[in-house]
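Structures follow.
The two complexes that follow have chain A in common; it is paired with chain B in the first and with chain C in the second.
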Partner chain A sequence: MTSERRQLIRRLFLSTSGFLGFSLLAFFCIVALCAPWLAPPPAGRDPYLMPVVEWSPNPQPPSSEYIFGVAGKRNIYYGVIWGTRSAFRVGITVTVISTMFGLLVGAVGGYFGKIVDEVLMRITDIFLAIPFLVAAVVMATILGPGLDNVIRALIFFSWMFPARLIRGNILQIKEEQYITAARSVGVNHVGIIVRHVLPNSIFPVLIQASMRMGSLVITAAALSFLGIGARENYADWGGLLNYARNWMLGGGGEVLRYWYMVVFPGAAMVLFVLAWNLVGDALRDVFDPRLKV
Partner chain B sequence: MFFYIARRLLFLPLTLFGISLIIFFMFMRLSPEQRVALYITSPERLRGDNVERLIDLHGLRDPWHIQYGRWMGNVVRGNLGWSNVGKEPVYSAIMRRFPYTLELALYSALPIIWLGTWLGTLSALYHNRPLDHTLRISAVVGWSFPDFVFGFFVLMIFYSILGWFPPGTLGAEADAVVKSSQFRSFTGMVTIDSLLNGRLDVFIDTARRLAGPVLTLTYVGFAYILRIARSSMLEVLGREYIRTARSKGLEEKVVINKHARRNAMIPVATVSGQTIIALLGGTVIVETIFNRVGIGSFMATAAQQLDFASVIGGSLFFGVILVLGNLLVDVSYALIDPRVRLD
Partner chain C sequence: MSVMDNYILQVHGLQVTFTDIERNEIHVVDGVSFSIKQGETLALVGESGCGKSVTSLALLRLLDGNGRIRGGNVLWQGRDILSLPLREVRSLRGREIAMVFQEPSSALNPVYTIGDQITESMLRHQKVSPAQAKKQAEEMLRLVGIPEPRKRLEEYPHALSGGMKQRAMIAMALSCRPRLLIADEPTTSLDVTIQAQILELIKELQKRFHMAILLITHDLGIVANMADRILIMYAGKVVEEGNKQDIFRRAAHPYTRGLLNSIPRMDQAKGTFASIPGTVPDPAHFPEGCRFHNRCGEFTETCLSEPGKIHLENEHFVLCHYPLGQKTLGCRAK
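Right after this comes the complex of A and B.
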C-alpha cells in the first residue's frame, strides 16, 4: 500500500463524519448479525414474522417486559432488531444490482457515444420522468405485497442514477491521453472500458451508491408505511410505523400518547440512513478533488 | 439556443410516449379482470357476469399493441377509467385534487429555496469552521429524516402539545364556507380563493393546516439546495476573478454579494425549478400523514385498496406534469442565461 493511499484511508476514518458513519454502520452490522441472540424468535417459526405477544390490539407503552412497547400486538423491540436485517437486505440488494445495471448502460452509452448514447440516454430520461416514489408505488401495487417485490420495484426505477453519473465521467475520461494510448496499442473496447475507464470513475459511483442506500431504505420503508410494501407483520421498520398511522390520526389530540410507536422504529431508520449518508459525505470529501478548496 | 429549444420540443412527444409505454407494460401484468376498471366510465357496468362481456368489448385479451392503441385513445380523450376510491371517473378525481397538491408544493418551495440558499452561502463563507460543520451536520441529518417520521414529530409537537397546526385540509366550519354557494372558486387553491372572497377566517384555518406539511417538506428538502449552494459558492470563491476583485481593494461585502454570490446562484436556480416539480411527486407521504386532500394521498389510498385505475391515472398525470414542468424550467433558464446548457 502506498503511503498516499494509506493517508487517504486514514483521513477517511478520522474525519468526523467518516468516524461517526462507520461506527454507526458497524453497530447496525452487529445488531443484524446478533439478531437471533438479541431477540430470540419462537422456535420453529420464521424469525422475520413478528410473533404475537399481546391479544389486545391497543398499543402499550414501554415496560420492563417490552422495552420499546407493543404495537399491533407485536413487540416493537423485536421488530426493530429483525428489521435491521430487512433494511440491509433491501439497501444492499437494490444498490448492488441497480449500480451494476447502471454501470453497464452508462459505460456503453458514454464509451460508444453517438446514436447508442442518444438512445440510451433518452430511455434513461423517460425512466427519470416519473417521480421515484410514485413509480415505486405503482410498481409495488401491481406486483403485490412482499419484500422481494419491493426490491424489484426499486431496482426497476433506480438504475438511471448511476447510469447518468458513469456516462458523464466516461465522457470526460475518454478524451484522456492514456485512453488514446491504450487504443493505439490495440486494446479492444471491452478491455479499455473494464481496465482503464471504469477504475478511474469508480469513486464517484461508490459515493453515490452510499448516498443512494439511504434514500432507497427510506423509499422501501415508505412503501411498507403506506401498506403496500413488505407483508403485514413482517419485521420491517416501515411496517412498524404503519401500525402507528391509524393511532396517530384517529387519536385526535392524543398523538403524543403513542410516541413510542414512532420514536423507536423512526430512530433506527434515521440512524441507519444517517450512517450511509455520513459515509458518503466522508468518501466525497476524501476522493472528490473538485471540492478541495 | 434555437437548436436547444427545438430539440427539447422534438423529444417531448417521444418522452410522453415512453412514459405511457412503461406504465402500460406495468399494468399489463394485471389480469384482464383487474384491468377492466381502466376502461369503464361508471361502476354500475361492473356488476355480476358483465365483467366477462366488458373484457370482450374492450378487447382485453387482444395482442398488446392493439390494446395499447385502444388505451392511448381513451387516455387522450381524458377517459382514465373509474376510480373506486374517488367514486367518480379518475380524470375528474385527479383534476379536483390537483390544486390542493399544487398549493402545498408551491408553499413548500419558497422556504426550501430561501433557507437552502442562505444557509448554503453561509456554510461556504465559513468553510471548515464550526458554523460550516454545524450546518452540514444538520443538513445531513435533515437529508436522513424520512418524511413520514419527521411528519409524525411535527404532529406530536405542533398539534398534540402546542395545538397550533391541526391535520386535515379544512376544519368543519371553513369547509362549509368553501362548499357554500356564496364562495366563488377562482383558482381551486383555498388560500388564494379565501382571500379573494374576503374570508380571512377560512384563510387562517387553511394556512394553519398547511403549516405542518410545509414544515415537514422544508426540513426534509432544504438540505439538497444547501449542498448545491455551498459547493457552488466554494467553487466560485476559488476563482481568479474573486482574487482579482479582492486584490484591487474591493470591500469584502461587495466581493461576496456582487461577484461571488450572483455567479454561484446559477446552479441553485437550475435545481430550484426542479425542486418545485419534484415536490409535486413528494406529496404522497406528507398528504397521507397530515390527512390532506390531494393527488398524493389519493394515490396512496388507491394503492392500498388496489384501485388500479386511480394509481395508474395518477402516475400518468405526475409523469406528464413533470415532463412539461421540467421543459418549461429548462427552456426559461436557457433563455435567461445563455451559459446554461442542460443535456
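Right after this comes the complex of A and C.
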C-alpha cells in the first residue's frame, strides 16, 4: 500500500504539468514567506501599504534602484512581492470557505434528497443565474473597499460550483452497497456522509477548487483594477494595475512606453493562475479514474 | 407458536410500498409475517423481485429513497423496531442484528482498509480502545479463515479475492456478536467451491456464537443445506411456510412445487427442464386474488378471490385455495 501511495505521489510531482505547477507554486510560496526580506518595509509602517518612493506622479521605467519601475509614486517591485501575500490570502480564503460551504449544501442536498435537495438546489440555481462578475462588483461596491470585503463578495457568489459538483457525486455514491452496509452496522447520518460518502466523492471537488483558486485571484484583481477591490495603495496586483489605468495607452507617440506598469503585475498574475491550473490538471490526471490507463 | 419466549424476532403483517414516477404506491411487500427462534436458520426463498431483499432491509429500517414501511410490526425481543426512535434502531444495527450482503466487492468501502471497516462497528457499539478493537478484528479475521490476518487488516478491499472479501464481510458482521445475522444471498457472486466454504463457515460460526440466521436466497440447494425452516415468497406475500421436511417432502403450494420441480436432477430422464410458465408479475400489476393464479396449473374461478392461510400440520402453513395433496409428491430433499 505504501509503495502504491509513493507511486501516486511520484506521478503527481513528476508529470510535466505537476512538476511545473508545483514548482511555480513553491516559488510563489517562498516569495510570500520571504516578502519582509525581499522587499523590506519601512520600519513601523503597515507593510501591506506600499510606501511612497517618489514625489512625481509620473511612472518611471525600471532602474537599478526600482527594478520593476515606479507607478503611482510606488515601487512596483514592492507591490508585486507583497501582493503575492494578498493573492494567496484571497485565493485560499475564498476557495476554502466557499468549498466548505458548497460541500455542506451539496452533501446535505444530495444525501437527504427529496424536499431538502429541492430547496437547496433551487437556491443554488438562483445564485448561479446571476452573472458572477456583475454580482461580485455589486456586492463589493455595497460592502465598500477593502480586501476583506472582496473576499466576502467572492465567497458569496462562488460556493455554488462545489455544491453542484459534490451533490452529483453523492447521488452516485449513496446508491453503493457499502453505504447500506455501513448503515447496517449502525453508523449515523453524519458518519455516513463524513466517513463513507465524502472520501469517495471529494476528489473532483478538490481538483475543481485548485483550478478555481487561480480564476478567483483574477476576479479579485479585476475588482481592484476597477477601484472597488483592495484599498488604495494596498499591496495587491490588481491595485498595481489600477495605477496603470491612465497610462495604458502609452504617451508621446509610443504605445508601449509604460509597459512595465502592466507587464510585471500582469506576469505575476498569469503565472499564479497558471500554477494553480497546472496543479489542478496534475491532480486530475492522478485521481480521476476515467483517465487511468 | 406455543412458547413465545423462544422467538427473538417476530414480524407481523409487514407492508412495504415504493412510489413510482407517477406517484402510484406499489405494494412490494404485502403482509409478510414470520418469526425466528433463537439459534435457528430461517430461509427466505423466492425468485428475483418477489420482495425478499426489501423485507430484509425493512427489518432494520434500512430502506432508503422511496421505499416506505406502511404497516405491520417487527418485534425484537418484545420491542417494535418500526416504532423505536431511530437512535435506538441504530444501536441495534450491527450490535444485535447484523447483515451480510450479496456483493462483497461493492459492500466494502474502497477507501478504507479491512481493519478500519471491521473495527468501525466495534468502536461504535462497544467500549473498546482502537488498539483493542484492532486486536479483536485480527481475531475475527483468523476465525473466518483468512490467512495472515494481521497483514490483511492493513489491506484495502481491492487487494482481496471475492471469497476473502466475503469472509471479511462476515468478520465485520459478526464483530459485535449479533444474535441475528441477516444474510442476503451471501454466496450468489462466488464460485461454487467458495460458496460451499462460505456456507460451511457461516454454519460453524452460527453454532459457535449461537445466533439465528435469516438466509435470503433463491438457491434451493443452499436452502436444503442450511435451513431449519423455510419461507416461500411470491409476489410480495409468503405463500408457504414450514420446516425443511414440510417443504421438500410435502410442499403444498403449486408455486413451491414448481420451484422444486425446476431443480435439475441427476436421475432425470433426458429432455427439457421443468419450469414454471410465465414470469414473476410486475409489482405494479399483481394479479387479483391469488397472485400466482395466472401461472398455476390448478387454477379455477375460486382463485380470483384472496386465498386464506391454511394450517396443514405443526408449523406448516400455506396460502392457497387448493393446497396439493400431501402424499403424491416425488421431490426429495437433497
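Throughout what follows, the second predicted complex is superposed on the first by the 284 of 293 C-alpha atoms of A that agree within 3 Å, B and C clash if a C-alpha of one lies under 4 Å from a C-alpha of the other, contacts with A are read in each partner's own complex, and residues count from 1 in each chain.
By definition in this document, a residue touches a chain if its C-beta (ideal position, glycine included) is under 8 Å from a C-beta of that chain, and two chains touch if they have at least 3 such contacts.
Every value quoted in this text rests on a predicted model; they were computed, and no experiment measured them.
Peer 1: Based on the shared chain A superposition, would you classify chain B and chain C as clashing or fitting together?
Peer 2: Result for chain B and chain C: fit.
Peer 1: Would you check which partner chain A:113 touches, where first means chain B only, second means chain C only, and both and neither mean what they say?
Peer 2: The answer is second: A:113 touches chain C but not chain B.
Peer 1: Once chain A of both complexes is superposed, is A:104 in touch with chain B (first), chain C (second), both, or neither?
Peer 2: Touch status of A:104: no partner.
Peer 1: So in the superposed three-chain picture, is A:187 touching just chain B, just chain C, both, or none of them (first/second/both/neither)?
Peer 2: So A:187 only meets chain C here.
Peer 1: Quick check for you: in the superposed arrangement, does A:177 touch first (chain B), second (chain C), both or neither?
Peer 2: Only chain C is touched by A:177; chain B is not.
Peer 1: A:196 contacts which: chain B (first), chain C (second), both, neither?
Peer 2: So A:196 only meets chain C here.
Peer 1: Of chain B and chain C, which one touches more of chain A's residues?
Peer 2: Comparing chain B with chain C, the partner touching more chain A residues is B.
Peer 1: Touch test for A:206: chain B only (first), chain C only (second), both, or neither?
Peer 2: After superposition on chain A, A:206 lies in contact with neither partner.
Peer 1: How far apart, in Å, are the nearest Cα atoms of chain B and chain C after the overlay?
Peer 2: After superposing on chain A, chain B and chain C come no closer than 12 Å at C-alpha.
Peer 1: What part of chain A is shared between its chain B contacts and its chain C contacts?
Peer 2: Common to the two interfaces on chain A: nothing.
Peer 1: Can you name the residues of chain B that touch chain A in the complex?
Peer 2: Result: residues 11, 14-15, 18-19, 22-23, 26-27, 29-30, 127, 133, 136-137, 140-141, 143-149, 152-153, 155-156, 159-161, 163, 167, 231, 234-235, 237-238, 278, 280-282, 284-285, 288-289, 291, 299-300, 303-304, 306, 308, 311-312, 314-315, 318-319, 322-323, 326, 343 of chain B touch chain A.
Peer 1: Quick one: in the complex, what on chain C touches chain A?
Peer 2: It comes out as residues 57, 60, 62, 64-65, 90-95, 98-99, 101-103, 106-113, 120-121, 124-125, 154-156, 159, 169, 172-173, 176.
Peer 1: Which chain A residues qualify as touching chain B in the complex?
Peer 2: 16-17, 121-123, 125-127, 129-135, 137-143, 214, 218, 221-222, 225-228, 241, 244-245, 248-249, 253-256, 259, 262, 266, 269-270, 273-274, 277-278, 281, 290-291, 293
Peer 1: Using the touch rule from the top, collect the residues of chain A that touch chain C in their complex.
Peer 2: Per the stated touch rule, the residues are 1, 113, 174, 176-178, 180-188, 195-196, 199-200.
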